[in-house]
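One chain, chain A, appears in both complexes that follow, with chain B as partner in the first and chain C in the second.
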Partner chain A sequence: MTPLLSFVNVSKRYPDGGRELLVLDRVSLEIEAGCSIGVYGARGSGKSTLLRLAAGIALPDSGAVCFAGRDTTRMTAGERSRLLRGAIAFMSAEDWRANPGESVVDHVATSLGSEGLTMREARRRALRVLDEVGVGASGAQAPVASLSLTSRTRVMLARALARAPRLLVLDEPASMPNLGDRDRFYTLLRSAARERNIALLVASEEMAALQGVGVLMSIADGELCSTEEPGTLLQLPSRRRAAREQSG
Partner chain B sequence: MNPRIAGVRLSMLFHLYRVRLRSHAVQELLAGSGIAVGVALVLGVLVANTSLTSSAGDLVHQVVGSARLQLAARSPAGFDRRLARMSEHLPGVRVAAAVLRENVAVVGPRGRESLQLLGVTLEVAKLGGIGRRNFGPGGFSFSEGLILPASVAAATGAEPGQRVTVLARGEAHAVTVSAVVSSTTFGALASSPVAITPLPVAQRLTGLQGRVTQVLVQPQRGSQARVAGELRTLAAGRLDVEPAENELRLLAQAAKPNDQSSSLFASISVMVGFLLALNAMLLTVPERRRFVADLRMQGYDWRQVLVLLGFQAVVLGLVASAAGVLLGDLLSHAFFHHIPAYLITAFPIGTQEVLPFRTILLALGCGVLASVMASLSPIADLRPSRTTDAAFRDRAGATEILARRTVLGLSIAGAALIALITVLVLAEASLTIVGGVALALTTLCAIPSLFAAVGRVLRWTGERVRSSALIVVASELRVVTTRSVALAGVAALAVYGSVAIGGARVDLLRGLDSNFNEYLRTADIWVTTGGNDLTTNAFTARGASAAIARAPGIASVRTYQGGFLDVGPRRLWIIARPAGDSSLIPSSQLLHGSLPAATRLLRGGGWVGISDGFAAEHHLRVGDSFSLPTPTGQARFGVAAITTNLGWSPGALIMNAVDYRRHWHTGDPSALEVDLEANVTPAAGRRAVERAIGYRPGLRVQSFRERQAQYAADSRQGLHALSEIAGMLLIAAALAVASALSAAIWQRRARLAALKIQGYDTAQLWRAVLLESAIVLGVGCAIGATAGVYGHALASRWLRLTTGFPAPFALGLGEVFLTFALLAIIALAVLSLPGLAAARAPARAAFQE
Partner chain C sequence: MASVSPEKTRWMRGPSTPLRGALLGLLLERPGHGGDLANRLAARLGETWRVDTNDVYRLLEQLETTGLAASRDEPKRANNRRTHLVYYPTGETPEALTLWMETLLPREPVRLGLQAKLSVARHEDAPRLLIALKAYERECLVLAQIVCPNDGDARSWAALCMECTRDAVYAQLQTEVDWAARTRRRINEFLENSN
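Right, the complex of A and B next:
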């Protein structure tokens, strides 16, 4: 059976001063429909790059990133846009951009405009999803600029879910000051994904964000490895390498 | 030298600006080009507005030198030179130089040029000016030939030593060119339509032996009043005694409507230029706010931030303004070197462009001021109530939003301003210039409310129409922001200026065409000295009238006379019509009086028709009588009618040719009016007249239609500066709007990229960018066109009432639409590529601030 998303020997470099920094080094992974993978790693470990490659936002230097069997590196820009329009949703606090004076519901509805909906249709769908993520009718009319970090994360989730994706890619999804809010958000995320059969690819530097994922992986120095059991102590690749060198 | 300013080293200020240039090169370039275009517009228009009188001023100073007084003839026939000799011996006179001036044409191998012939004596050398340097020792030899300016020599192909033909008073004479002078030796004279020759030669060429038209007098120190009195006694009421530079006063009066209308339109253009520059800088505000926040978080205090902001604004303003000055100079060279033909007929105005230092300073100042003003807005973030990182947290651009009450307040202010303008202008027409500028401001007041309405329409449409671009645009224009108002404001001002200027120009042309049509249709064929004149150059008939009358197909021949007469500050156009003319006063130009009664009075003699401006100046009404200075002394005339200025700004005076002959003491025609028999075509009639007068290259035979076409062309050429200002305003504004829109869109690349993450593709975003830009332009153009039509009506009324020109208002919707479309097409065409580049921004750009 073809996996929903697969990475095959994917490498990615970024310029770093006068030299090149290897951010991903021959990374391979697979994710099936409806499954979830959590990627744990420190800041600068390559998590965000991995997720952007998964969503087709960035392209690898070598290797293949396939979605439903199709190599995204061989797709046209338009085809990649169409993936983001429906099959893949990307959620990151970093790409949060709102227009002046925009309401929450209009913000979510605008993101659906690329599908060719009328604003009325888009708004109807947006209201329904906002309600599902816990943003009520009054909250939906609030100006988006006035949202707290917690509410904004829920709106971002609604924006992602509104397009009924098959894969939801989340980069550091919930940097919330309140632990209770954060737990409620992850519960909401997992239940939404389960109900809609959405595959999740979540990356965070906080282990709490990755609770309940099917497969937990860790990333460091561009290398990705998986743990057998979720919840077990992670052995980071750099530590493993050090251990190998010691035993060798 | 590395001083500290508010604790920051100068080298650090330069370093920080270099850093900014490296990181925001595109934005800085777009802001700079916006400023440069604005400054170029300011400079071009200011130069257009000052060159005319400045170049004429240079020329007059060169001719009169140190002379303080002049004795001037009231007709081109001049006065006896013996009077000039007598003036030399008047007590208190140091130098008296006789001059003969006559309008002639010079024909060379390459063409013909109309110019003023100056016949001078060596006495002018004693006055300085052109004389001392050029005719003194080591200068030009004062030979029998003609000295031509380089501009005339180039146009006619004449070279030193070559013979050219001088057409004067209807006769042709071969004269040798003794010298061609350049601006290095003759200054403004080198680019002026004049030719210099010894007085006896000028007298021979013009057939005015023993006569001069002017004596320039330099009194001894402290004797000016006494000499003036002596000269008046000598003049015996038949000549004018005036200051030597009176020509400038007369020119200022003649050029006044041109200057006033240019001033009206120049003020609008300068304001647009300033706003273009301001707007260009405003678009960099979000980045500058983040820059300020960054600096504050790094420990810079508010004074240091102010210094940094000011320094960067001044550097950008200066560099961009300097580029704008160069561009403006190019523009003024390309567009503003045309002198109105109608003025050349009465004044020898040069085409030398004058670029005063203060004009450059003013243009530079506008650019720097706009740059500094616009860069001051991030200062709001320095208030204690704002957090240090406020700029970083305002990612939704909340501070850009115009509140509803502000929008409403601006609408009310705009409506009140329009009402005030209307009342003021109706009460006092001369306030139209102020009204025009205030009306431009109302366009800015009206834009926010139209944006609010358009936003509602967009949302309503977006609810019902499937269009991704529409949804994005409706979201962007959901609220009224300072950015969109600023962008639309530039378009509005440009369209306002172009529609108002263009409309008034078309009205004026229509009025002038109608006037000259009536003026010329009294004859089927006109025989004149030719050239771009107002039928003011007299010629020696030499039996031409009788010869034409004998020719086949000719019904009648009448002698038309006319010229210019200086009365106070006005050089009046004298139209002396034969009583047999079918119409003496153009009916369309009559303002006061009864046409049949006035015509009857004029035919009877002793009555004249005068222009409104002259009548107002002398408090004259129909039926009053007044004294007119003529070459034979003061003559009394009754006012039979009051007309417009008949297309000549200082005004016209219509009289019977018999009166003219008596008071001017000359029978020389300035035109022969020929009527053809009913079955003779104009072409056949013209050929018959040409055969009858024989070979006379100094005379031109034209049918009514041909002469009408010549006048129409002259009218259009005379209003050239207006159309150039309107056109340049439009093109400059279109480019500036395109540049500002491009800058605005470039800044929104991250937002567009974020939309890509939401699934929008490049084509959808490009369509959205173009649609949004078209809507912003449309809002601006619609407001500008509406205000422009009102401005056009006010300007036409002002032209009629203040300048006396015939300018009946007519709404030209086609021209309004054309202006609207031209601006939108140029701006969208220029914008399309940067728009596409922004729409092509990769999705990952959303993560870059």
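Right, the complex of A and C next:
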């Protein structure tokens, strides 16, 4: 079976003065649909680079990044952009951009522009997803400028989920002052992904934020360390059990 | 690691293995009497280990029984009329140290074993240390992954206490993963610069 996302010997370098900094060194991994992966790493460890490559935002210097069997390095910029607006959703707390005057529901609805929906249909879908992430009807009509950090994160998640992606890539998504809010956000994220069979790729500087993921990895000096053996297909626990029973 | 006879790894059993291994490393550096070795061990490992001199004597006796150390009575430097036991490495000591360096201890709860190896590692042990550090990093990730996740609803006091306990486990494992990655980086940088 073709994995949803695969990295094959992916390397990425950045210029660092007169030298080159190797951020990813021949990284290989495979992610199956519905699987959840947490990437732990200190600041500057390369986890954001890994995620940006997974989302097709950046390209590797060597190796292949394939989504549903298609090598994103061979796609045109337009094809990668369409992928990022459709089957892949990328979310980072640092990437919050919104027109301060627009309402929350419109902020989510406008992200559905490429889906061929009327604004009315887009608003209806946006309201439904906002409700699912805990933003009620009154919150949906509020201007985005009035959102707290916690609410903003939920709205970002709603915007990502509204497009029904197959892969959700989240880079340090929950920078929240309240730890309880953060825990509730991650619980919501895991259940939303599970219910929709969305594969999750989440990175954080805090290991505790990655609890409940199917596979935990760490990244340092361009190398991945994983709870799964490298090169193996990452499966849902239920499928892993089934595979074990079959082989037994 | 190639298969090794159980006889050769028998001394690596029990919680004192890191100290026994570190003593072998110290003996290979230079022989010493029990007190001297205890002081060198404490200086190398730091105060968090609380090295007990009586334990060191006991461990040296064990190593001598297994043929990994040998002792002989020698006059004390300060007082020629009195003697003390000075411990030496044997022909088997270097191989035993190498074996210990490349033996990955399952479920090491904290980094003690690795720290002891690092404290007496030789330059040629670098590849073994890198493997051991990576294995330890992975072990910590496995331990973090099996922690039961919270349900995001710590409203009761019991749930809060549970959450704080869970947080302590994550904090410790995160520190261990960071330390293992940093140590690998230091070793790799050293190897690059020394080539």
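We adopt the following convention: the second predicted complex is superposed on the first by the 226 of 248 C-alpha atoms of A that agree within 3 Å, B and C clash if a C-alpha of one lies under 4 Å from a C-alpha of the other, contacts with A are read in each partner's own complex, and residues count from 1 in each chain.
Keep in mind that, in the parts below, a contact is a pair of C-beta atoms (placed from the backbone, for glycine too) under 8 Å apart; a residue touches a chain by one contact, two chains touch by 3 or more.
Computed from a predicted model, the values in this text were never measured in an experiment.
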item: Chain A residues touched by each partner, larger count belonging to chain B or chain C; value: B
item: First, second, both or neither for A:212, with chain B first and chain C second; value: second
item: Touched partner set for A:226, first chain B, second chain C, both or neither; value: second
item: Contacts of A:40 with chain B and chain C, given as first, second, both or neither; value: second
item: Partner chain(s) touched by A:137 [first = chain B, second = chain C, both, neither]; value: neither
item: Chain B versus chain C as contact partner of A:159, first or second or both or neither; value: first
item: Which of chain B and chain C A:149 touches, first, second, both or neither; value: neither
item: Which superposed partner A:95 touches (first chain B, second chain C, both, neither); value: first
item: Touched partner set for A:184, first chain B, second chain C, both or neither; value: second
item: Intersection of chain A interface sets (partners chain B, chain C); value: none
item: Chain B residues touching chain A - in the complex, by the definition given at the top; value: 394-398, 400-401, 459, 462-468, 470-472, 474-476, 478-479, 481, 750-751, 753-764, 842-844, 846-847
item: Residues of chain A defined as touching chain C within the complex; value: 40, 42, 45, 180, 183-188, 190, 206-208, 210-213, 215-218, 220-221, 225-227
item: Touch list for chain A against partner chain B, complex; value: 48, 52, 55, 57-58, 77-78, 81-82, 84-86, 90, 92, 94-102, 106-107, 109-120, 122-123, 143-145, 159, 163
item: Contacting residues of chain C [partner chain A, same complex]; value: 134, 137-138, 141-142, 144-145, 147, 149-154, 163, 166-167, 170-171, 173-174, 177-178, 181-182, 184-185, 188
